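Here the chain labels run A, B, C, D and E in written order, and each chain numbers its own residues starting at 1.
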Amino acid sequence: MSLNIKKQLGDLKLDVNQELPIENVVALFGPSGCGKSSLLRLITGLDTPDSGRLEYKSASGESLIFFDSSSGVNIPVHQRRIGYMFQEDRLFPHLSVLGNLEYAHKRNQVSTEALTFDDVVDALQLSSLLNRKTVQLSGGEKQRVALARTLLTRPRLLLLDEPLSGLDYDRKREVLPFLEQLPTLFKIPIVYVTHDLDEVSRLTKQILVLSEGKRVAFGATASIISSLTSEQLGIEKQEESSLLDGVISKIDEVFMLAHILVQNREFILPTASTAKPGQSISLLIKARDVGISLSKPTDSSIRNSVECVVTEILEEESTPFAQLNLDMNGASLKSRITRASLKELKLALGQKVFALIKSASFEPRFL
Amino acid sequence: MIIDLSSLWLTIKLALIVTALLLFLATPFALWLAHTKSRLKPLLEAVIALPLVLPPTVLGFYLLIAFNPNAAFGKTWMKITGDTLAFSFEGLVIASLIYSLPFMVQPIQSSFESLGRKPYETALSLGAKPLDAFLTVIFPLSFRGFLTACVLTFAHTIGEFGVVLMVGGNIPQETKVISIAIYEHVETLEYAQAHILSGILLLMSFLILLSVYAYNKRYRINVG
Amino acid sequence: AETANIAVATNFHNTMKELQHSFESSYEHKLVVISGASGQLYAQALNGSPIDIYLSADQSRAEALEHSHIGVNGSRFTYAIGQLVLWAPKGDTIQDWQGILKNAVPDQKIAIANPKLAPYGVAAEQVLNSMEILGNRRHQIVMGQNVGQAYAMVTTGNADFGLISQSYIKDLTPNVWKIPDDYYSPIKQDAVLLKRAQSNLAAQSFFDFMKSDTALKIIEENGYQRAK
Amino acid sequence: MIIDLSSLWLTIKLALIVTALLLFLATPFALWLAHTKSRLKPLLEAVIALPLVLPPTVLGFYLLIAFNPNAAFGKTWMKITGDTLAFSFEGLVIASLIYSLPFMVQPIQSSFESLGRKPYETALSLGAKPLDAFLTVIFPLSFRGFLTACVLTFAHTIGEFGVVLMVGGNIPQETKVISIAIYEHVETLEYAQAHILSGILLLMSFLILLSVYAYNKRYRINVG
Amino acid sequence: MSLNIKKQLGDLKLDVNQELPIENVVALFGPSGCGKSSLLRLITGLDTPDSGRLEYKSASGESLIFFDSSSGVNIPVHQRRIGYMFQEDRLFPHLSVLGNLEYAHKRNQVSTEALTFDDVVDALQLSSLLNRKTVQLSGGEKQRVALARTLLTRPRLLLLDEPLSGLDYDRKREVLPFLEQLPTLFKIPIVYVTHDLDEVSRLTKQILVLSEGKRVAFGATASIISSLTSEQLGIEKQEESSLLDGVISKIDEVFMLAHILVQNREFILPTASTAKPGQSISLLIKARDVGISLSKPTDSSIRNSVECVVTEILEEESTPFAQLNLDMNGASLKSRITRASLKELKLALGQKVFALIKSASFEPRFL
């Protein structure tokens, strides 16, 4: 999708020029008020840009101009076939849960291989709620119904605005894999707004970072998360992470561990049953989960100790912490340790160290 | 004592036609008024309410002037339909449309305004075409406004007789509505007949209104 | 000086204004004129409206009021006899009134007052009956609530002819034809004094004034006949 | 040509008083109707709309009977106030209240219903007492419904004359409102006076309505 | 506060009988649809219980019966002086942001030592938004305004229903400390609904866990989180944590580290500048952040290695993980390691091991 959009929103000047190759899930990330929801509204056609151009290119090569201020094109909302899950509750109060779902379902029966009604109801565990009135739903239940309703529009493109924010861990764990499948199984690309880095790393391959209405960065989730600082991403320091691209070399089926080669270094990590040797995967490693040792530990449960070279040392004066950038045979890895350890271990630039990563820091879902 | 019920049917026919026509005419207008940012809006709103201000017979008098086949409006109508407007059922309908317009427009517009754009937006984003979105979302969510509008229009058209008398000419089967019949009885001191006809009219209207409201109660949306 | 409230049928309202003027200039008293439909004024009087004299457009309602508990028995008299005219602004002045009515094409409308509501309507109905128009050409008849509305239908050009009170057409133009008396029973308009007026000098004086030559002259000038 | 403007002031006084009184009477009633779960609701709603159905003069006739100092209602009023109701300004006010009640109740009730309980709950939870919550939250959020109700009531009371004619008795200075004056001019063929009075009435009403709507436009809440 | 409430809500039977000693912040925790919001509505008086009793006892000993079905008492909402932040957006659309805030402010000027208007506006960074219409706010901005408005009711008791769910990390980091202060600084106790264990551990001293309308557990946050399984808490396995109560023995101001004694074992953790020796604190330690070593490591950045005894070993057959319950001189500590490590280290019940905890896993905020 080719986005080139300008729009004045009160004090905020939204101005985004970006090619979004939406094969799969693109995260839209940025601090509150940076213009994420406004951008989605412009893509759906609910609002009209002051100027610019908006062109949709599907995976199959289909190209549609949704908006073009120079030629005066402005395709109406309902013809764009974009599924949009609003940030706030927008269920229809005059319809039951079932009525709300069928509203989308009936109007969008496009192809036989698409998501079925039951798929969606099952995935979001809505069968016991179908006859409820919408006022009788809890916050999380509303959120799930809204998500289901949006999915049932079987759109060309799905825009989800913080879809999981009201859900508890259990529900998130159940809904996330379902969302993960959508792009590959049902060929529905997703633009996903969230404040949650876990969701970003798990769901998305690419990320567009906004700040005050402007594009800050766009690229592979791994490289953006590794290369931008927490300030640039608008996240907490201790959430700063590295994303490493690796290939599974071996699966240990008994202990459910995957041996993963990243730049010829081996990581041993918990794995989900679907992982296969040869598969390439990306590892999100939080800097705070990476410890440093001068020697390779032997009798501990910490399974991963990889040799690295210290390339950068950033002491955070007003905090107890320091951040290390490590070079691991060409890949870059961040570590977050206390300034006390930094001193004690007498770490210096160019020094060889072992990065310690506990396997249990990874959930199989990261694979 | 002869009770002429033909006037009752004529009245109900008139009220139904006027209510139905106004529903179609007033709705797009109310929609436009509710969402326009035009500077003309207050002007139009004021103009719509104006016919109310004139006493019905006086409004009827001005309508007669307009209906005159030599006046612009009457002439145009004559050209198009080959018929005069005054003293015809069509004329009654037009007069009632003008007279009752504000009763239809205002409650509907008011409910559109309080509904806001969100439900409509949501429906579009779910793939509904504008008309579809209107019928399946805006209409049911503003149902109470439509109901109020229709009840006021319907009841008012039934009860109206000043305008009707003036432009209708009281032609049996054609323009002699029940309100005129009751009025006649009162004027000629036939109070018994007046009571009976009023009773019938009230009872019928009451039953119609009651069933409408009972239905509305069952139907009612729980907005919290 | 005292004040009397006079309830007057609409058709007589303008004449009443002249009578009032003449009365007030020669008496000390004042009059308040309340006009309306005869039936309406009757109902109001029965329910306590503060009127002293009731000038009906007919005899029957005046009679009913006279014999009610608020009327003064024996006070009733005929203060005017209405006259019916045919008014045809677009009519052919060479024809007589019968010819005009007979030759009216089917989509021409004849405006009359509602016979149920106004004595002029009754008279008009009698005329039309005698010419067999009512039987065959009923659809050509349009009715106003009263003579005034019938007049309005004609004057606005929507009706072609009107059978109306002569009092509405003070100057007899070439387009107005008097309907001979024998085509309809006389439109006798009766006045009644009400009990509440018995101690009201203004009412008493005006009631008497109505019978005076001055008054009768004014009434005649306005298109009514003197009661015989 | 004498234009008697006293009737204009009388009319405006009547319309203002009726609108103001109805606002106070109808609002609690509309509030109750909007939120009650009583089975009587449709019944009451139908009853409120009924006065509309009768021709105004006929309604006036019945009111006249009720106002009669020998009838129950008229007698009670007489006892309390020492005055008769019929043919007095007070009587006009009461008659207009009954006649215009549905115009006030229905649009207000309709906007209360679409507002739902949430804003009220929220206000209470922020420490507002019920009346405070009503005035500062429910009222402004249903403002458009109140406006519609007041405009319809005001314009309708101005234009109303059938009922007024009947119970008012057309007494100059006391119950002779402008609509009756215009009506009388039309009926007595004083068309010039009728045009002038109508023109004044229309212009005044137009200006009032225009300023109301213009104010409303500025004020208007953006619900999305 | 003494809660004894029954209410039928559709299929859900809410039945909670619990004494809530609300000196500070009590978390209300439980899966979506378990009745959290419904319970809050009953406490505020917006809904009426079918039966039961609701008595408020303030810290100063003041006792108020809000509701008692047996004696027919039912104090109206506005007289209860309970601040309630609804889960969904309930800003008044006819008022500006300022108007919304003043609505609460003007009606609740109870004492001079209470929160000032400016305190709240500053803490939630609303000064630039004051003149906005509410429709012109982003999701997170709305959330902040709603929170501010609730705070300005200066209530006896504050009920917050997922107040931070729409906020980004930056805002959360700014708002949390502010909420933390409320109970102590302004004597406002809080009942706090959230799905986020971090928020629970950071803000709350006590926790009430609900499931399907019933009380599952109530107690000190530390002990509940340590003793209940993730299933009982309705959270993800890898979020399972221990909470240890400790006392600060020493502060290292240079490196901003606190030495903390827990059951006579010393932990060295990053600290915030406000921490003082002698202060008691609770440490939330995620099981997945606890590694196991057979010997005490020497040359690594992992500062904390505490001697423990293995008291329980739970292998999760269908996952790569095992969970260890450790006894640390009387306190219990959970560790989550791979089953592979379990085997390799030959861990057995009663065995002495060293629990390894990276200091950087802790943020100063946990102190």
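In the analysis below, a residue touches a chain if its C-beta (ideal position, glycine included) is under 8 Å from a C-beta of that chain, and two chains touch if they have at least 3 such contacts.
What you are looking at is a predicted structure, and each value in this text was computed from that prediction instead of being measured.
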Item to check | Touch-network distance, subunit A to subunit C, counted in steps | outcome: 2
Next on the checklist: So if I look at the partners of subunit A and the partners of subunit E, which chains show up in both lists?
Outcome noted: none
Checklist entry - Based on the averaged CA atom positions, which chain is farthest from subunit B? => result E
Checklist outcome for this item: Greatest centre-to-centre gap (Cα means) from subunit A is with chain C
Checklist entry - For the chain pairs D-E and B-C, which is connected through the larger number of C-beta pairs in contact? => result B-C
Checklist entry - On Cα atoms, by how many degrees is subunit B rotated relative to subunit D, nearest 5? => result 180
Checklist entry - When the C-alpha atoms of subunit A and subunit B are each averaged to a single point, how far apart are the two points in Å? => result 56
Checklist entry - Counting in whole Å, what is the centre-to-centre distance of subunit C and subunit D, each centre being its mean C-alpha position? => result 35
Item to check | Distance from subunit E to subunit B - Cα centre to Cα centre, in angstrom | outcome: 60
Item to check | Shared-contact residues (touching 2 or more other chains) in subunit C | outcome: 40, 43, 149, 152
Checklist outcome for this item: Going by residue number, subunit B touches two or more other chains at 57, 61, 118, 141, 183, 186, 223-224
Checklist entry - Hey, which chains are touching each other here? => result A-B, A-E, B-C, B-D, C-D, D-E
Checklist entry - What part of subunit C is in contact with subunit B in the complex they form? => result 37-40, 42-43, 61, 64, 107, 109, 111, 114, 116-117, 138-139, 141-145, 149, 152-153, 156-159
Next on the checklist: Applying the document's contact rule, which stretches of subunit D touch subunit B when the two form their complex?
Outcome noted: 41-43, 45-47, 49-50, 52-59, 61-62, 102-103, 106-107, 109-111, 113-118, 141-142, 144-145, 147-148, 151-152, 155-156, 158-162, 179-180, 182-183, 186-187, 194, 198, 201-202, 205-206, 209-210, 212-214, 216-217, 220, 223-224
Checklist entry - What part of subunit D is in contact with subunit C in the complex they form? => result 57, 61, 64-65, 67-69, 84, 86-87, 165-166, 169-172, 184, 186-189, 191
Checklist entry - Quick one: in the complex, what on subunit D touches subunit E? => result 118-119, 121-130, 132-133, 136-137, 140-141, 143, 221-224
Checklist entry - So in the complex, which bits of subunit C are touching subunit D? => result 5, 10, 13-14, 32, 34-36, 40, 43-44, 47-51, 146, 148-149, 151-152, 155, 168
